[in-house]
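Some structures are shown below for you to check.
Both of the next two complexes hold chain A, though its partner changes from chain B to chain C.
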Partner chain A sequence: MSSAKRKTFCGSPEHTLSRRAFLGAAAGVAAAPIAADMTQLDVLQESALAGELKKRQKHCILLWLAGGASQLETWDPKPGVETGGPFDKIKTNVPGTHISELLPKMSRRMDKTCIIRSLNTRDGGHGGGAQLMMRGRKDEPNLVYPDLGAVLAKELGRADSKVPDYVEFYSQTEGRSSARLTPGFLGARYAPVKLYEQMSPPNMSLPKSVDADDHAARAHLRDFMSRRFAAGRKSSALESHADAYARITGLMSSRDLFDIEKESKQARLRYGPSQFGQQALMARRMVEAGVPFVRVSRAWWDSHGQNFETHLELVSELDHVMSTLLDDLDERGLLKHTLVITLGEFGRTPRINASLGRDHFATAWSCSLSGCGIVGGAVYGKTDAKGEKVVDGEIGAGELFATIYEALGIKHDKEYHVGSRPIPLVNPGIKPVRDVLT
Partner chain B sequence: MAANPQKLKKVKEFGRRDILMSMALVPDSPRLLAGSFDFNVYEFDFEAEKPEQPKRELKGHRSYVTGVALTESHIVTASYDRHMIWWDRESGEQTKRVRAHDKWLRGVEVSPDGKTLASVADDMVARLWDAKTGKPLHELRDHKPMTPHHYPSMLFCCAFSPDGNVLATGDKVGQVCLWDVKTGKLIKTVESPKCYTWDPRQRRHSIGGIRSLAFSPDGKTLAVGGMDQVGNIDHLGGKARFELFDWQNGKSVHDYQADKFKGLVEHMAFSPDGKWLALGGGDNGGLLIFFDLETKKEIKTEKAPMHIHEFAFSADHETLYAVGHNKIALYELKD
Partner chain C sequence: MIHIRRIALLLLCIAFGPIASAADLLPADSSIPQAIDHYVDAKLKSEGVQPADRADDATLIRRLTLDLAGRTPTATEARAYVASKEKDKYVKLVDRLMSSRSFVRHQVDVFDAMLMRTANGKPKSLAAYLEVAIAENRPWDKMFRELISADGASDQTKGAQEYLRSTVRDIDLMANKVSVDFFGINISCAKCHDHPLVLDWTQDHFYGMKSFFNRTFENGDFIGEEEYGYVSFQTVDGDKRAAKLMFLDGKPIDEPQIKEPDDKTKKELKKRRDEFRKKKQPLPPPSFSRRMQLIDAALSTGNDQFLARSIVNRVWHQLVGQGLVMPLDQMHSMNAPSHPELLEWLSRDLIANGYDLRRLMRGIVASKTYQRASRWNGSSEDRPTPKLFAVANVKPLTPRQYAIALRMAGQDPAAHRADTPEADFEKWVEGVEGGARGLAGKFEYPGQRFQVSVDEALMLSNDENLQRELMENALVRHLRKVEDDRELIESAVWSVLSRPTDDEERRAFAAYLAQRKDQRDAAVAQIVWAMMTSGEARFNH
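So, the complex of A and B:
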């Protein structure tokens, strides 16, 4: 194999794989569960080693359906009743399981996906609902809980990783503030890299006035002075300061991670022309590179008027993007280590309003879990004939989060500490839904 | 006596559990056929002792019934279930059932001579049918299946010209196609793009579309109804709107936005003398607007008791029957 022709992550000749680099990286793999920085990602091009890496780390991609998608037009169709709306249900590749006709591609992939149809989360406000469904519980007056991404960044990320632990795409503006993410008591170390206006963080490149040598010299000087200043001092702020610099340097070395142009034209076409599709491709790219958690937000599903036309647009898009993402992850051997979730702040009312819309509804709604740790084809919970209430298997946000943690190999009753106070990952007494876990 | 919109007065209102999406009046009778979101077609008799109770039900569709048309011998209905059904007018028996389109049917209209039917659907095809036999006559294709923003488009409505020679069809992104009914050839297109709101940034989806079409009695003017541009596309928050076209010359001759009413203009009808245009529709509430085509001013505006999906006038235009969200309403326009 010619090293000159080998495709590397950043494309630089320095990062082509030599025998020495391979052996060094292989040794690194033995010692570390994931790539410590982007230079090691070159090694991901080697399939055996990549396979070894992939086996080690778990990931999560959250497709955040902001504004509240209708369960009746997605995972829990009720055709033929007055609340059912005009869409029919279709068979899936799991005998006995039907989903909305708006999801024909997903109907052929339900063996990889579990549906939960019995969420009763009791908060029908955008802000409260989004916080609840991102944190798994309500904050306390003096305690802000970390959101799902922050917990997974801590649990699945690596302390010295220079790859971001937590990335969020949210390109639409509606609902962005109400669905604001927070690392809560875990601190800013686990805050997301927010990609709102573009696909990559700003200022990833050096300014023209600074070349790489100059930048390295400055970093060396800063490091030298920091160490001297820190000598004999004990301060978490100092550690955080140094850590922040290290992570920024890591991010800057990761700029190719955020460059969608590095994906083949075929891959980009496969995900389709939509912004959501391209961001889902980026999520796959990031997961493959070792990012533990990516939220791809797709706003805005808040269809108070013309619910059916809105869902015709947005569910058709979701169907294509989600099915492509699952296929792509599966083909790369990543799906069994990656949990793909579709979730929003709530569902939508069974009642159809005068604008042929559906309003906010948190009493009986659905989400999906695919891939890592999940029993594909499982359907958990049941709503009544009109979809107005849960009649079997009711769960709240806590149980869903406990299930997500367990699917990713994290004990749901694990405790953190805030000061001397133990804080479990989910509230005491909350259990995961074992029926959907492998 | 002539119909006078200024005298508009609601005379009856019946509550219902369902949403009535479409309707047709039985000529020379007090009867109305309405297509419901409960998949049924109901016949009401307004001279019956309990007019709110349907005189009969036609069961056969498997989704919302979005179009009802009457031929000499049949009731023809169209549904989101992709089918058209021919029902014997007298017996109510199904005599023909056709999978007419590959996606939702948005409506069916009958030509003025009663011999031809036109159907429109979200497969973006309009079809002409022999009204009596149900034989397909022409397939009309020019509307694009996808919006410029890569989402499925929709073909909402159609209307025959008074002489029956031209069919107009209107889609989501504001294109109107005018077709020669005899040959099935495209004659002309006109554009009313303000009916379509694409929000590229805040919510990133769309709302709107051409929801109603009507030809003036002389056939020269085409009214195109919908909703004006919307700020918040979560709701039907744009002004109710219609645009008038001198369609043969492809010219927009008037663009109206309602000051008082928001929502979709779901149905329109010209007065027999062509002097005014009636509009019905709404958002969460309902609207009825009568517009003077000479002065280009509103003659009468009325907050309807429900979002109106369709309405029709009696032969003398002195009574207006409207169906919509959970209600049927009757108005008189007697001078």
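So, the complex of A and C:
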């Protein structure tokens, strides 16, 4: 009975620790007339470990390449073979490592970046692929897993934070609904602040009808009423109501966080005129202010036709934005605490179709990890000569997530509880890629 | 594995002992509130816990009106109820609320959320069916039969097929959802391997349940069922096994073995399906319906416990705020009820009385247990676990309840007078409820681990339209005309929170008004806003 086969986790025999813990609780049931209170194990309880981690805050910026970027035109070039396409590979500042010639700026920064070339994630649909690559596993019929941002908001955020702990940029409409983010069973506290059409979240400014003094005064009155009501009453929902209102002033005062005009002209020029670049700058701005997770989405990489024109444009933009972001973070001393990921829902077929496009391909594709907890310059995994399959170091979404968690100092087998059921951050038996972790 | 199972089995016996037999239960002719208070009090006594007192009248009318009718009482209703000296005023109130149209509208919303809300959201509506069924208090076993047979052809069952249509593209999900919704049992763990913690559920159960649905498909706007088809699955050891048609009791059901038809017959079947689809009519049932077998198996004596226990637990949870079994979809032998005999008694009573859900609701709200205060006056360390039902729970309002509560609070207190005829009042209430629809769409439906989002707090604090709704309404306009502070504050608290005010509150609000003498109109609006967004207004307590 191999745990790797299993798709879902329910506290299986291999997972001895949680099983024993559960039997222990069950034994308590046997001894006491009242059954052990399963809700005591609730997922919302803060662990001492999580508190410890928050003292040295870490961050993550995910550059989400929506629609699926081609590994062959980025991190795993195969020039000269029939599937290779027109672009060449170039040397990097890491001896022996080559990447696509569309990434000249990144080629001089590969000592800060690790490439994983051996993803086999098996889901080549936009919706299923995006869910899988944002949650690290498939949902169950009655259980929605939290996505990466929600987990990191919980693990790396501060309960009393004055800044949002999960922000998402997604300006283009393509793929936005299929890549929809969710806090899953972690609940609304860890839902993302979504920045789609507008670059600042709604309801962050004073309403016209109420001035700042009155706004504060009536909030004070509201608190007075709520506190009186809460005395002698106990419910986590009621506490969350108080918490939500308590965060308002802080969040409203972080309004400037969303104002790109507050960045110097020089900084803005440096990231370039593209929306993607400006949003990457915003992500850096937020990370610096203490936001644990920002996803910057760039759509639409789905190059079923004219793959090479699309990638010439988008990879060049990525090259500039990503290298600027890494430099900027590094100069500010943030890179060693910030993990920068490039990832999409899948890669693209080695086969070039009749429209000179590449189609969806989840069998052998690449992503990159830079900064916090990562061995710069590492290359993990290998595909065959044509890039059709993984020949070394094959991993799935679970292993990638385990690696991301460990890079950020979070144990990949840490467990949450939904009722009585222990739910580890990644499915049991899944291991991180230690080779790329410092 | 065997070793572990033995330990678990042993634990099972120690923990729960033999399940209470019918003879051990309170007599069947006890009333529901008698049975509830008997079992709950017995447990409190054995734990040495003194429960909270009965809630005051103002709290009870708000609680009952929200729980039964999905709305808050008007200031007039609340004042009249508190002032009344009638001995049977509580029972009369229950009767009045349960016979109101609001009751039906609220229960439609509750059951729609219970049956149609999937893990991924995207609520579809079963309202067309529920409106007819709930208005006539259709028995729950009959509703189960209609929803599973999915025959929405008659006026009485119109829209029933929407229940299965919501999961028809994923039969695994359908099997599990039916099991969760009607039997309180989540079998999804058993899909890939025998449930490791619960001996009751094996892969055979999951695929046995799936077999009731594997021939089910969508034909146009209706649900159809194929003549043939079987389920097989892979065991954890990699063997392929044919699934037996089997309910949760684990007894395989005999059925005719139907060979897969030849291509010609398949074509004819398809042609027939297409004809019905074009005519927009439901496909007649197959010669042997696997889905009908589920209905028969689930309603057979003995097995009917699954259906009865689950709905008792859900209705109890809805009214009391904490199920007799938590979580609601984990009703299995390793997760004992807090009050096993009570659950048994209530299930037996429900079956004996024709699955009458209104009778069950009426019985629960008549109990002392339901009527307790939600405030615990002892030290917080001594606060009893919710499982003892020693203190009432605070329950987050549903989006519809909260929106209606806010709209209701914003009405002119004079709009409902003590002498307003009941028929006119019902019509007026319907208007208020209808006006709350848009606002309801802005809130999140509370699940079992509900948390209020900061988005909600930001929206109620800063959204321009909502500021107008909360601060420039008929109540505020009325209050601005009241010169006496005391009267103003009293009136505001009755309208928004359905209760009398007290000295501390009076002092705080009067001070607020005094500080803003030159901008009294704005201050009045701010006071109303503070009450409407307080925890007290957001929860049913």
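The definition used in the following text is that the second predicted complex is superposed on the first by the 383 of 438 C-alpha atoms of A that agree within 3 Å, B and C clash if a C-alpha of one lies under 4 Å from a C-alpha of the other, contacts with A are read in each partner's own complex, and residues count from 1 in each chain.
The working rule: contacts are C-beta pairs under 8 Å (C-beta built on N, C-alpha and C of every residue); 3 or more make two chains touch, one makes a residue touch a chain.
All figures in this text were calculated on a predicted structure; none of them were measured in a lab.
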(request) Examine A:Glu415 and indicate which partner it touches, taking first as chain B and second as chain C; both and neither are also allowed. (result) neither
(message) For A:Ala217 in the superposed arrangement: first (chain B), second (chain C), both or neither?
(response) second
(message) A:Asp88 in the overlay: touching chain B, chain C, both, or neither? Say first, second, both or neither.
(response) first
(request) Please determine whether it is chain B or chain C that touches the greater number of chain A residues. (result) C
(request) State the interface residues of chain A toward chain C in the complex, per the touch definition above. (result) 1, 5-8, 10-13, 19, 22-23, 26-27, 29-30, 33-35, 37-39, 42-44, 139-144, 185, 187-189, 191, 201-210, 214-215, 217-219, 221-222, 224-226, 228-238, 240-245, 247-248, 251-252, 418-420
(message) Touching residues of chain C toward chain A in the complex: what are they?
(response) 1, 4, 7-8, 11, 14-15, 46-47, 119-120, 170, 172-173, 176-177, 180, 186, 188-189, 191-193, 195-197, 236-237, 326-327, 329-330, 334-336, 338, 374-377, 380, 383, 385-388, 393-394, 396, 444, 446, 449-459, 461-464, 467-468, 471, 504-505, 508-509, 512, 522, 526-527, 529-531, 533-536, 538-539, 541
(message) Applying the document's contact rule, which stretches of chain A touch chain B when the two form their complex?
(response) 67, 79-80, 82, 86-88, 171-174, 272-275, 298-300, 302-306, 309-310, 312-314, 316-317, 352-357
(request) Under the touch definition given earlier, write down the residues of chain B that touch chain A in their complex. (result) 17-19, 37-39, 62-64, 80-81, 104, 122, 150-152, 154, 201-207, 209, 233-237, 263, 282-286, 306-307, 324-326
